[in-house]
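Below are the C-alpha cells for one structure; questions will follow.
Labels run A, B, C, D, E, F, G and H following the written order; every chain starts at residue 1.
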Amino acid sequence: MEAKEVLEKVKKGEISIEDAESFFRREPFEELGYAKLDTHRKIRSGFAEVIFCSGKSDEHLLEIFKKLYQKEGEVLGTRASKDQYELIHKECQEAVYDPLSRIIKIEKKDKIRTGKIAVCTAGTADIPVAEEAAQTAEYFGSNVERIYDVGVSGLHRLLAKLEVIQKANCVIAAAGMEGAMASVLGGLVDKPVIAVPTSVGYGANMNGIAALLTMINSCANGVAVVNIDNGYGAGYMATQINRLAVKAEI
Amino acid sequence: MEAKEVLEKVKKGEISIEDAESFFRREPFEELGYAKLDTHRKIRSGFAEVIFCSGKSDEHLLEIFKKLYQKEGEVLGTRASKDQYELIHKECQEAVYDPLSRIIKIEKKDKIRTGKIAVCTAGTADIPVAEEAAQTAEYFGSNVERIYDVGVSGLHRLLAKLEVIQKANCVIAAAGMEGAMASVLGGLVDKPVIAVPTSVGYGANMNGIAALLTMINSCANGVAVVNIDNGYGAGYMATQINRLAVKAEI
Amino acid sequence: MEAKEVLEKVKKGEISIEDAESFFRREPFEELGYAKLDTHRKIRSGFAEVIFCSGKSDEHLLEIFKKLYQKEGEVLGTRASKDQYELIHKECQEAVYDPLSRIIKIEKKDKIRTGKIAVCTAGTADIPVAEEAAQTAEYFGSNVERIYDVGVSGLHRLLAKLEVIQKANCVIAAAGMEGAMASVLGGLVDKPVIAVPTSVGYGANMNGIAALLTMINSCANGVAVVNIDNGYGAGYMATQINRLAVKAEI
Amino acid sequence: MEAKEVLEKVKKGEISIEDAESFFRREPFEELGYAKLDTHRKIRSGFAEVIFCSGKSDEHLLEIFKKLYQKEGEVLGTRASKDQYELIHKECQEAVYDPLSRIIKIEKKDKIRTGKIAVCTAGTADIPVAEEAAQTAEYFGSNVERIYDVGVSGLHRLLAKLEVIQKANCVIAAAGMEGAMASVLGGLVDKPVIAVPTSVGYGANMNGIAALLTMINSCANGVAVVNIDNGYGAGYMATQINRLAVKAEI
Amino acid sequence: MEAKEVLEKVKKGEISIEDAESFFRREPFEELGYAKLDTHRKIRSGFAEVIFCSGKSDEHLLEIFKKLYQKEGEVLGTRASKDQYELIHKECQEAVYDPLSRIIKIEKKDKIRTGKIAVCTAGTADIPVAEEAAQTAEYFGSNVERIYDVGVSGLHRLLAKLEVIQKANCVIAAAGMEGAMASVLGGLVDKPVIAVPTSVGYGANMNGIAALLTMINSCANGVAVVNIDNGYGAGYMATQINRLAVKAEI
Amino acid sequence: MEAKEVLEKVKKGEISIEDAESFFRREPFEELGYAKLDTHRKIRSGFAEVIFCSGKSDEHLLEIFKKLYQKEGEVLGTRASKDQYELIHKECQEAVYDPLSRIIKIEKKDKIRTGKIAVCTAGTADIPVAEEAAQTAEYFGSNVERIYDVGVSGLHRLLAKLEVIQKANCVIAAAGMEGAMASVLGGLVDKPVIAVPTSVGYGANMNGIAALLTMINSCANGVAVVNIDNGYGAGYMATQINRLAVKAEI
Amino acid sequence: MEAKEVLEKVKKGEISIEDAESFFRREPFEELGYAKLDTHRKIRSGFAEVIFCSGKSDEHLLEIFKKLYQKEGEVLGTRASKDQYELIHKECQEAVYDPLSRIIKIEKKDKIRTGKIAVCTAGTADIPVAEEAAQTAEYFGSNVERIYDVGVSGLHRLLAKLEVIQKANCVIAAAGMEGAMASVLGGLVDKPVIAVPTSVGYGANMNGIAALLTMINSCANGVAVVNIDNGYGAGYMATQINRLAVKAEI
Amino acid sequence: MEAKEVLEKVKKGEISIEDAESFFRREPFEELGYAKLDTHRKIRSGFAEVIFCSGKSDEHLLEIFKKLYQKEGEVLGTRASKDQYELIHKECQEAVYDPLSRIIKIEKKDKIRTGKIAVCTAGTADIPVAEEAAQTAEYFGSNVERIYDVGVSGLHRLLAKLEVIQKANCVIAAAGMEGAMASVLGGLVDKPVIAVPTSVGYGANMNGIAALLTMINSCANGVAVVNIDNGYGAGYMATQINRLAVKAEI
C-alpha cells in the first residue's frame, strides 16, 4: 500500500485516522523503499545509480547492469575487468569499455555537458585514477579539461597550464608518491581542489597513505581529500560543485 | 628594474632583445612579489589573508594584525589564546574575541552575507571546531546555519533537522569519536559535504585519526575531508563552493 | 502540526492529498523529536541519560546535572573531576563522588539489583576503569561481583576465583599492558566476555593500543571489545546482557 | 593415578599426607585433561568444537572432520575452500557446502532453533562475513533474521527494517569501508550490537582497520567489536546472548 | 580449610572420599592463594616480589612496602618518585633511593653476588634504564659490569670494551634513537643479548618504537627484546640466565 | 703486510716508528678478515654458519651448501622451498628435507644432545615456526621437548603439560593471533621464555604485529621477544641459554 | 607567439607596452615548455632524463626509449622486466640488460668517469638495490667502489674495508632488516652517507619501514635517507655530491 | 702504554715481537680512546664535538661545556634552555644564546666562512629548526643564505628567490605540515637538497611524521631526509657537502 492510497482511504473514510497514523509513523521509512527514494534523488540531483563492478558475481552484475539500463537509458560501471566487459557486451552490444579507467558504460547520445572541471595528474601513472574521475564527471554532465603529468618535480609543466586550470569551477588533483601537487594547486587556484591520493609509489608510500597524509595536511586552503584511488568519488563531488556553479552562469 | 622599464628600454633600443628575453625568462617570478600577487588574489577571490595566531610571538602577532587591519579594514585571527586577545585589544579596541572558537577579529560593519552553509556537529564537544568553521565562513560573506549535537547515536535529532540542512549549498560535518555522521549526511543531502574530523574522543580514537579514517572511507558519495580540527579550512572551502552557487542564484 | 491533525484535515478535505503526502514524506523524522524518542527509549530499556562530565563547562554541567536529576530522580556522571564534584555538591548535597572511578552520582535509595555481572581486572592499576564499569552496571540495576588483580602473570589467582566468575551472566575483563587476561577468561567461561583494554602500561603499549589488539585477536570465542578505558560502555553492554538473562531467571 | 585412588590410599595410610599434598598441588591441572573438560563444556554450553579449515592439511582436515562427526553427529567447518569440500564430500556425502560463507557442514536434521538474532550488512560485499555469522548462529540453535545491504549511505533502507531488527535479542552489524552502520544501529536498538568490521574497502581502509577503529570508537552505547571478518566469532557470541535471553522467554 | 587438614580428615574418616575429591578438584586453585604460591616461587627461583611504585597510592605503597620488608627482610621498588621515597623513608629509615634509576630499596647486607652480567648503553641518556636493569640484577644476586656510552656513532668505544663484555654470561643492551648497538653487540658476543629499547630520541623515534623495531629486526643472532624502557624486565631475565650459568661454574 | 712483518721491520729499523704507528692505527680492523674471525667464533661457540635459503639463486645456494658441508661435515638451511631441496638433493644425496619447517640439512650422525629446551605452540598453525626453532636447537646440540597446541583458549591443555615445561632450561613460546600464551608461560615457569610471535591470524593481527605487541608488553617477567616467525632466532638463543645451563649440570 | 617575437614587436611598436607586460606576466611559465627547460637542465647539470620502466605500457616504453636515445645518444631505464628488455632489444640491439639491478641501458662508449662513490650493502639480498644505485652513478659519470655484504652482524667485514670506503666522496649504505649499518658507517666516515633502506626482511620489518626508521633516527651525523629500495635516488644524489667534489680535485 | 712506547720498546728489543703483536691485535681499539680518536677526527674533518644540551644535568653540562671550550677555543650547544644558558653564562661570560634556535655558543672571532648553503623554510614556524641548521653550518665554516617563508601555498615567493637558491652548493629544506616544499625545491635546483621535516602542524600531521613521509616519497630527485626537527643534522651534512664543493672552487 502506497502513501497516496492510504491518504485516499482516509479521505474516503475507508480506514481510521488511528490506523493511518500508525501507518505513517512507520511507513515513510518503509515506503521510501530502494527504488522510490532513488528516483526522487535522481530527479533532484541528476545522479543516477552507478555500479561498482569489482567483486560482483557475473550473475548479479549482469542483472543490475541491465536493470539500470532499462530504467535510466544509460548506465555507468566502475572498476570493471575486461572479462566483466565481455560478459556484458554479449547481451548489451552498445556497452563500451575503457581499459585505462576500467569504466564500462552505455551513455545517452544527446547529453549536453556544462561548466568545466580540471582534472590534473602528477605523473602518467596517475592517469587511470584521473580518467575514472574525468569520465564520471562527463557521464554526469560536466565538461572536463585533462591536464596530465604536471607534477611538482617539473614545476614549469604545471605553471604552463595554469591559465586553463584556473578557469575551471573545480579542480581534481590526482597524485601518488608524495602527492605534493595538491598543495601547489591549492595555492594557485581560487576554486575548490578535490585531492585524490593514488596508490602510485613504493616503499614508505604505503600504497597511497603517504600521499593521503600529504594532502590532508596541505598548507594551502581550499583542498579537501577523498580516499586513495577514489576517482569516482572525486568526479562525483566535482560535479556537485560544477552544477552549483553552472546554474550561476546561466 | 620593473617589467615596464625593460619594455620601454626595448622600445627605445636601450637594451638588446636577448637581454630582455633573459630578463623575462626569470623576472615574472621575481616580479610577482608577495604583496602584489596577494592583492590580485584578494580582488579575484575576496579571500583576504588570515592570521594563524597559535605559536606567533607577541611582537609579530601585533604587527601583522595591525598591518592587515590597515590594509583590509578588517582582520581575522584563528587559534588565538585569551592572552593574545588581551595583547591585541590594548591597541585595537574594536577587536572582539570568542573563547569557544578561539577567533579574534575586527569585522566590517556593513558586510552582506549570501547563500547558505550548514555547519553540523555530532556532539557538543565538536562545537569549537564547528564555530571556527562557521565564523570563518561568515567572515568571508556566507550565511551559516548551525545544527549542533546531531550525531548518529540519536539519529532522530539529525533527521529532524534534515530539511534545513538540505537547503544549504554546502554542508560542513564536524565530528569526533568515530565520525560516522559525515557518511550519514553524505547519504542524505545532494550538496558537497566537507567532513572535519575532530580530536574529540579517547583511546583508539588517537586524537582524531579514527574519525579521519572513517570519513576518508565514507561509503556515501559527495564527502571530502580536511585535517583534524581544521575548522578554518572547512569554512574556507565551503565558502568557495557557496560563492560559486550564489552567483547562480542571482 | 501533528500527524493526527493532518490526517483529520485530509478526511475533512481541508488539505489536498498531495500536501499530506509531502508532509508525511518528511514529517516522521521531524516528529521523532528529541524528548519523545528518549522517553520511549527510557521506558523500553531503562537506560536513562548519563553525563560524560570531562570537558563540559561548569555552567553546562551544573544545568544538565540538575535537569536530569529533576527528570529522573537520580543521575550518573562519568569522568568527573574533584572540582566538578565540588561545584555540583554545593547545589546538590545528595551527590556523592568516588575519586577512583571518577563517578559522581545521586542514586535512588530503593533500587533493586538483579542478575550478576563479574568485573575482573588484570592488575590493581586497571581498577579505576573496572570501577567505572561496575558502578555503571550497578546504577543500571545489575549485581556486580568484583574480582580484581587476577592477571595472567599469576594464573592461580584467576583460577582460584573461577567458580564465582563462571556464575555471572556476563564477564567484564579490564586489562592493560598486554591484555592477555581477556583470552584466558574467554576460554574458561561460557558467558559473553566484554573486554576493556586499559591504557595501563608503557612503551610499546601505546596507551592501550597493544591491549586492544590483543583482545580483538583473541583466540578464545565469546570475547568482544570496547574502546580503551571505556568502563562505562562495558558496564552498559553487560547490563543489556544481564537484563536479557534476568528475565529468563524469573 | 586418579584423585580417587590417592584419597583412598590416604585413607588406608598407603601414602603419606605429604605425598598426597604434593600430588594435589599439581594434579588438578593434569587431571583436567583435554577430553574431559571439553565434554563438560559441551554439556554446559552446547557449543561443540568447530573446524577452522583454512590452512589445514588435507589429511588432518579429513581426520578431524570425521572424528567430530562421529562424536557429535554433526560438524561445522569455517573458511573452507571448494577443494576442501570436495575432499570431504568424497567420504562424507552428507556434507554440504556454501561457497558464499565458505562453510562446510553436516547438521542434525531435528534441530530446533530458538530466540532471534538479527544479522545486518552495510553492503552486498559484506554478505560472506554475515553469512558466516548467521550460519554459525543457526548451527548453534539460534533463529536468524538476515537484513542485508542497509548501510548508511541510504539510511531509509535501514530505517525501513528497524522494527524487525529491534525485535532480536542481539544484533550483528557487519560493515566494511567506514563501518558507520554499527554506530547507527547502536543508537537505534536496545539490545547488544556485535560489530564485525569487514575487509571490504580499498585505500585508507587498510583491509578493515578503518572500519575496526570506527566501531571501537562508536559514539553509541551497547556496541562491542570482534576481529575483522570474524563472522564466526560474532555468531558465537550472539548465540551466547540469545541463549541467555531465550531461557527468560520460556 | 587447607589441603593438609582435608587430607588428615580423610585419613581419620571425618570426611568422605567424594567430598575430598570435590575439594581437590577445585581447591588447589583456591588454596594456591596469593601468598602461598608466591612463597613456593620464591623458594624455587629466588625472585621475591618487587613493587612497581608508579601510580600506586601512598597508602597502598606504604603498606605493600612494609609487608614485603617484613616477609623478605629486604624489598625493591622500581619507578619510584622522590616523594614516594620520602613517604617510605619516614617509616623505614633503612630505605635508600637512587634518583637516576628511580629505585628505592632495602637490601640485605650479606648478599653474595655471583656470575657476571654486562649492562651496556649507547648514550648517557640511556643510563637511567640501564641502572634499573643493573640494580635489579644486583638485587637478585648477579654481579654487574657497567659499560656506558658505547653507541655505534663512535664504534671504537664499544670495541675497546669488548673483552670485558665478552666475559659476561649475558649482555643487556640499552639504546634509544635508532638502537643499532644491539645488533652490533649481537654480532660480537656469544652470549644471549637482552635488548632494551629506550624512549631516548625525538621525531620519528616515536618514544622508542623505532629502536624497538630495529632490535626486533636485528640481523645478528642471539638478540631478544623487552619493552621500551623496561630495565627491570631485562635485569630479571639476565639474572635468570646468569643463574643457569653460575650453577655450571660451581 | 702482516703485523709480524711490520714489527720485525721496526726492530730492524727498516721502517720508522711513525709509519708503524700509522699502520697499527688502521690494520687490526683489516687483519680481522672474514675467515679468521669466523673460525674463532665457531671454535668458541659451536655455532657454525647456517644458510637462509629463501631468495638465494640456485647457483649461489648450491655453492654455499656444498662449501659449508665440506668445511663442517654438516649443514643446515632454513626457509628452503621444495624446489631448492630437489636442486641440492641431486648433488648431495644425504640431504634431507622437512616440508613443515622448511629446513634442509645434513647432520652428523654421532651428535650428542644435552640439556633441555621446551618448544610450545598456541595452535597447530604455529607448528612450522616451532619446528624451525626446535630443529635449529637440535642441530646445535640441544634436547628439545615439543609441547604443541596448548594455547590459552583451552588453558587446561597447557596446565596439563606444565611439569615437563618447567623442567626445561629455556622455553620457546610460538604463538600467533593474540599471542597470550607467552605471558601465561612467563607466569608459570622460572626459566627464560623466548617468545616468537607468528604471522598466524587475520584482520587486526596484521601478520603477527598484534602478537608481537602482546609479547613485548607481557605482564609476566622473564619474557623476551624475537621477530615474527623467527623460529631460527629463537632456537639459536635458546641454545645459547641451554649451553650455559648444561655446563652447570655437568 | 614566442618571447622573442613579442620583444621584436615591442621594438617595432607593433604591440603596446601594456600588452607585452601582460604577456610576460604569464608567458614565461608557458614558454618554459617541457623540452626546453629540460635541455637547459641537461646542459647545466648533466643529468639526462631516465625512464622508470615499471608499469609503463609496451608502446609508451618503446617510444620514450627510442626518443631519448635519439636525443641523447644514450639512455637508462630502471625497474625493467626481462620482457620489457626483450621488447626493446628487438628494435634497439645495442640495449643491454642486467637482471640483478633490473637496469636496461645503452651507454656512450667514451664515457669518462670521475671521483669516487662507495656503495655498501649489509647483506647479499641488498645487492639489487645497491646495483641500481651503482649503475645509476656510473651512468652519470661517477667511479663506483662496490663493498657488499659488510653488515653489522659481522663487523670485522666492514672494518676490513674501511680504508677504501673512507676514500670516497660519498657513501651509499643499502641495508634491510634493521638497517644498522648506516649508523655505523656514519660514525666511521667523514663524507655524506646516503642511506637506502631496502625491503629485505620479514615480520616486523614491514617491507623496509623498520630499516627506514632506524636510518632516520641514526645517532651518527652525516646520514640522510631516501625511500625504501630507491637505489636510483641514492645514485643520483651521490653523483650530485661527487660532482661537487670532483670539480675541487681538478 | 701508548702505541709509540710499544714500538720504541720493540726497536730497543725491550719486548718481544709476539708481545707487541698481541698488544696491537687488541690495543688500537683501546688506545683509540674517546679523546684521541676525536682529535684525529677533528684534524681530518674539522667537525669538533657539539653538545646536545637537552636532558643533561646542570653539573654535566657545565663540565662538558668548559672542557670543550678549553680544548677547542670555541663550543656549540644545541637544544639549550634559557636556564641552561644562564647557568653557563655565569661561568663563561663569552657565551651567547639565541632563544629561537636554542643554540648556546662561544665562537672563535676570526672564523672565515666559505661556500654557500641555502636554508629555506616553508613557514615562519619552521624557522627555529632552520636556524639550528643555519647556525650549525655557520659554526662549522659555511656561508648561509636564509630564505624563509617560501612554502608552496604561495609559490611565487619561492620562485622569486630561486636564483639565490640555485647558487648554493647545497639546499636545506625545512618544512612542516605537508612538507611539499622539499619536492618543489628538488625539481628546481641541481644541488643536493637535505629535507628536514619539522613538527609544525596539527592533527594528521602526527608531529612531523606526515612531512617526513612526504619528503621520503619525493617525486623529485636529489632529495634526502633527516629526522624530524633535526636542524643540527641537516646543517652538519650540508657542511660536509659544501666543504667538498669549496675545495673545488679554490
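FYI, a contact is a pair of C-beta atoms (placed from the backbone, for glycine too) under 8 Å apart; a residue touches a chain by one contact, two chains touch by 3 or more.
In UniProt terms, the chains line up like this: A, B, C, D, E, F, G, H = PurE domain-containing protein.
Just so you know, these numbers come straight off a predicted model, no measurement behind them.
*Asks:* Kindly list the shared contact partners of subunit E and subunit F, in label order.
*Replies:* Looking at subunit F and subunit E together, the chains touching each of them are C, D, G, H.
*Asks:* Measuring centre to centre with C-alpha atoms, which chain is farthest from subunit D?
*Replies:* H
*Asks:* Using each chain's Cα centroid, which is most distant from the centroid of subunit E?
*Replies:* A
*Asks:* Pick the pair from E-F, A-H or A-C whose contact list overlaps the C-F contact list by over half.
*Replies:* A-H
*Asks:* Call it same or different for subunit E and subunit H: same when shared residue numbers make up over half of all numbers used at their interface.
*Replies:* Because under half of the interface numbers appear in both copies, subunit H and subunit E meet with different residues.
*Asks:* So, what's the distance in Å between the C-alpha centres of subunit F and subunit B?
*Replies:* Distance between chain centres: 58 Å.
*Asks:* Could you give the separation in Å between the centres of subunit A and subunit D, each centre being the mean of its C-alpha atoms?
*Replies:* Computed from C-alpha means, the inter-chain centre distance equals 38 Å.
*Asks:* With chain centres defined as C-alpha means, what is the inter-centre distance between subunit C and subunit D in Å?
*Replies:* Taking the mean C-alpha position of each chain, the two centres sit 24 Å apart.
*Asks:* Can you pull out the residues of subunit G that are in contact with at least two other chains?
*Replies:* Where subunit G meets two or more other chains at a single residue, that happens at 26, 29, 31-32, 154, 203-206, 209, 212, 216-218, 221, 227.
*Asks:* Which of the chains are touching one another, listed as pairs?
*Replies:* A-B, A-C, A-D, A-G, A-H, B-C, B-D, B-G, B-H, C-D, C-E, C-F, D-E, D-F, E-F, E-G, E-H, F-G, F-H, G-H
*Asks:* For a test of understanding, state which residues of subunit F touch subunit G in their complex under the given definition.
*Replies:* Checking each residue of subunit F against subunit G gives 26, 29-30, 32-34, 37-38, 55-56, 60, 197, 199, 207-209, 212, 227-230.
*Asks:* Which residues, counting only subunit A, touch subunit H once they are in their complex?
*Replies:* Against subunit H, subunit A makes touches at 122-123, 151-155, 177-180, 183-184, 186-188, 201, 203-206, 209-211, 213-221.
*Asks:* Quick check on the complex: what are the subunit G residues that touch subunit H?
*Replies:* Touch list, subunit G to subunit H: 41, 44-45, 47, 169, 190-192, 194-195, 212, 216-218, 221-227, 232-233, 236-237, 240-241, 244-250.
*Asks:* Considering only the defined contacts, which subunit B positions touch subunit C in the complex?
*Replies:* On the subunit B side, the touching residues are 124-125, 154, 156-157, 159-160, 162-163, 202-206.
*Asks:* Under the touch definition given earlier, write down the residues of subunit G that touch subunit B in their complex.
*Replies:* 3-4, 7-8, 10-11, 13, 17, 20-21, 24-29, 31-32
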